[in-house]
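What follows is one structure encoded as structure tokens, with my remarks underneath.
As written, the chains take the letters A, B, C, D, E and F, and residue 1 is the first residue of each chain.
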Amino acid sequence: MEETCYFEDYQVGQQRLTMGRTITETDFVVHAGHTGDFFPHHLDAEFMKTHEFGQRIAHGTLVFAVGVGLGAGAINPAAFSYGYDRLRFVKPVFINDTIKSRLTISRKEPDPKRPGFGRVWEQLEVLNQRGEVVLAAEHIYIVRHRPVTAAA
Amino acid sequence: MEETCYFEDYQVGQQRLTMGRTITETDFVVHAGHTGDFFPHHLDAEFMKTHEFGQRIAHGTLVFAVGVGLGAGAINPAAFSYGYDRLRFVKPVFINDTIKSRLTISRKEPDPKRPGFGRVWEQLEVLNQRGEVVLAAEHIYIVRHRPVTAAA
Amino acid sequence: MEETCYFEDYQVGQQRLTMGRTITETDFVVHAGHTGDFFPHHLDAEFMKTHEFGQRIAHGTLVFAVGVGLGAGAINPAAFSYGYDRLRFVKPVFINDTIKSRLTISRKEPDPKRPGFGRVWEQLEVLNQRGEVVLAAEHIYIVRHRPVTAAA
Amino acid sequence: MEETCYFEDYQVGQQRLTMGRTITETDFVVHAGHTGDFFPHHLDAEFMKTHEFGQRIAHGTLVFAVGVGLGAGAINPAAFSYGYDRLRFVKPVFINDTIKSRLTISRKEPDPKRPGFGRVWEQLEVLNQRGEVVLAAEHIYIVRHRPVTAAA
Amino acid sequence: MEETCYFEDYQVGQQRLTMGRTITETDFVVHAGHTGDFFPHHLDAEFMKTHEFGQRIAHGTLVFAVGVGLGAGAINPAAFSYGYDRLRFVKPVFINDTIKSRLTISRKEPDPKRPGFGRVWEQLEVLNQRGEVVLAAEHIYIVRHRPVTAAA
Amino acid sequence: MEETCYFEDYQVGQQRLTMGRTITETDFVVHAGHTGDFFPHHLDAEFMKTHEFGQRIAHGTLVFAVGVGLGAGAINPAAFSYGYDRLRFVKPVFINDTIKSRLTISRKEPDPKRPGFGRVWEQLEVLNQRGEVVLAAEHIYIVRHRPVTAAA
């Protein structure tokens, strides 16, 4: 569950694919109630009948939060989350779509401000059941360097 | 509720401050259940007693999703969300902190790819009860230009 | 569970007192998310510090819906709900208050429009842990008359 | 968000129509869990197959609480809610019906007991996607008079 | 609501059948979020298309918890729950199945360790809309003997 | 995430300890709403003041479902759940207790009825923050034998 992974341990190109999860009407209603965003795009089936998508679409923050959550596997005590860059809502997610997250280590660099730490970029792609990317983002982690041990 | 706002209508520097909302233990539990992220940082008070923060901290995606939701006021049929840049988790949010969102139009530019549309950047800052920024991000909208009317 | 009770069976003055239920911060958050009413009176502890009540107060519709729910015991297939009169929010309900419902048959009359049916009024009083009435309402049921059996 | 509106500012006949919201099976389940009312009319599809409506119907308190919540727009610091009269469950609401609230100022009178305040009645009508009224009620507000300013 | 029932009052063979409840997709999502078990058997419709059942199946703990909850009627202050034996997941429960619980007193014995108490076994069978047993378990209660009154 | 583990791979004595989770008031309210069990032992703080425990206690099915959920790690496609024996509610769980699950392979045997399968018993112990067992149960899995490969 806990799995220490130092800056040196990350390999650019490493990839993992999560389990899938069907996004249900319940998730739409829960997300509206959790965030307070009751916009008709997400909750009003009648309103959306005349909209280009023809049906309710998931909140962007729903797809992002669930996509991130799908990737929450082992805890790395040597890393913490700094933020995200280039979060993009690429395609709509509809009720009954099934999503997975594909996570790829895309870059690593020394941290300019924090001695003893580096930055690791993990590309997050949320895929639907047709393999289309529906959301993309770059997760930036701050990761501790492997401690130097005495001798050697 | 619907309030059409064209690219020309956005003024750089415009700012709005939302209502506040106290982030409760319930929100932590709901967010874990909604996203599937049950990391002990968010849900295990014992584990966090020995952690630098001393107590459970909110998921980054919770603060983001609720911060965005607080700003969901009027629907603008002339705009849609393209994504976010520079999403940063600046400070931890604890149970019983009260947050508000401050939204500032920070930049606008013609859209290089979509004729008839421009891009508008809205800076999102989530503030706690001490006025500290706990999360920041730049929201990018794609917004239609005001239709040119014939003569007049 | 099902208990048929005809118009003739209701006795003015009959009273029942339900089990109690502590109204939690969770109930406030759930009710906001269920109804979409995120007013700071219910959800913003900071805002309420300077308000006369000094703390968050329950939505009126929360106290009403839970108060009604506490009384949902046996199903009476001979009755249906017509509506409520004189619903009054008498006192605020705070987080951690414990409420019960007291239900009293207060009146019964033939139904002027529906032959074979009568109207029964049930007074609903929601009480807090100090026995104070926090909400009152008059529930109106339409109830079938006891079928007349042939000879005997 | 805050919009002070004194007794003098209300105009009989003023009307607003809210956004719509599709009532989902999730809302039925959430409402049962929130209120504790698990009657088979709302939760047992088999039981309702032989009932006149043929399917599960929404709790009256669900339609009321969501209908009221749809109208929760701007906060008026000069008003508070006194209660409701003539709350009527006019037609059943089924899973997948989409409702809106129509709110009309119907009456205003000096408050007999509170000097400096008046009473304002707002008629609440919850409409379904066919424009039928499914629930009606009269909301009574107590509203402060506009403060008299010195000179002029 | 409270109904004292002493060891002597239980009759082997007594049976009660609860109200029914349709198990919805919402219940699946709520149970996953409540327990943290997001296995694709319960939440991933795509994954289950190629599985022998062809569709998502309810968590065993969902069917158990709801089946037990359906039987929560009157409180018996003379009894407490000791545990369950032979809990078996007999058949899958699918979204939209309607379940009821059948509860039968199956055995009673003096409690070997607690003077003044006996043990009562209640057989729990959860049935679906076709009358098939989907879950079975034996509930063991510890029940106080009827107090001996002076004379008589 | 998927990790095939055949009957031969289970070792009696293998043990794993899960992450912890603080059981909150929210979990109590969610469990009541999910199961329909609103007994005052779980939801009425006033009622419990005079009870031996002095405060609300968790539903047995809550501790069981969450304790089982904490152990839901890797999916084993070679195994399925048969049921539980000797489920015992050993000590009460209170709001703010933090629980973990300890899972120990305690026994394995050929399955008398299913050729090619064996039975594996996993002892589930739910522990609180003081290391006390609050719930115990024996989980029975049916597990496929390792397929015999041709030559070698």
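The criterion applied here is as follows: a residue touches a chain if its C-beta (ideal position, glycine included) is under 8 Å from a C-beta of that chain, and two chains touch if they have at least 3 such contacts.
Fair warning: this is a prediction, and the values are worked out from it, not measured in the lab.
Homomeric contact chain C/chain D: same residue numbering on both sides for over half of the interface positions. Matching A-E against the pairs in C-E, B-D or A-D identifies A-D as its interface repeat (over half of contact pairs the same by residue number). Compared with chain F, the chain whose C-alpha mean position is the greatest distance off is D. Chain centres here are Cα means. That of chain E falls 16 Å from that of chain F.
One finds 39 Å separating the Cα centroids of chain B and chain F. Residue positions of chain C with contacts to 2 or more other chains are 19, 21, 25-27, 30, 33-34, 36, 38-40, 75. Across the interface of their complex, chain D is touched by residues 30, 32-34, 36, 38 of chain F.
On the chain F side of its complex with chain B, the touching residues are 19-22, 24-27, 30, 96, 98, 129.
Residues of chain F that touch chain E in their complex: 21, 27, 30-31, 34-40, 59-62, 64-66, 68-70, 72, 75, 81-89.
On the side of chain A, the complex with chain F involves touching residues 1, 18-19, 73, 75.
Note for the complex: chain D touches chain E at residues 25-26, 29-30, 33, 38-40, 43-47, 56.
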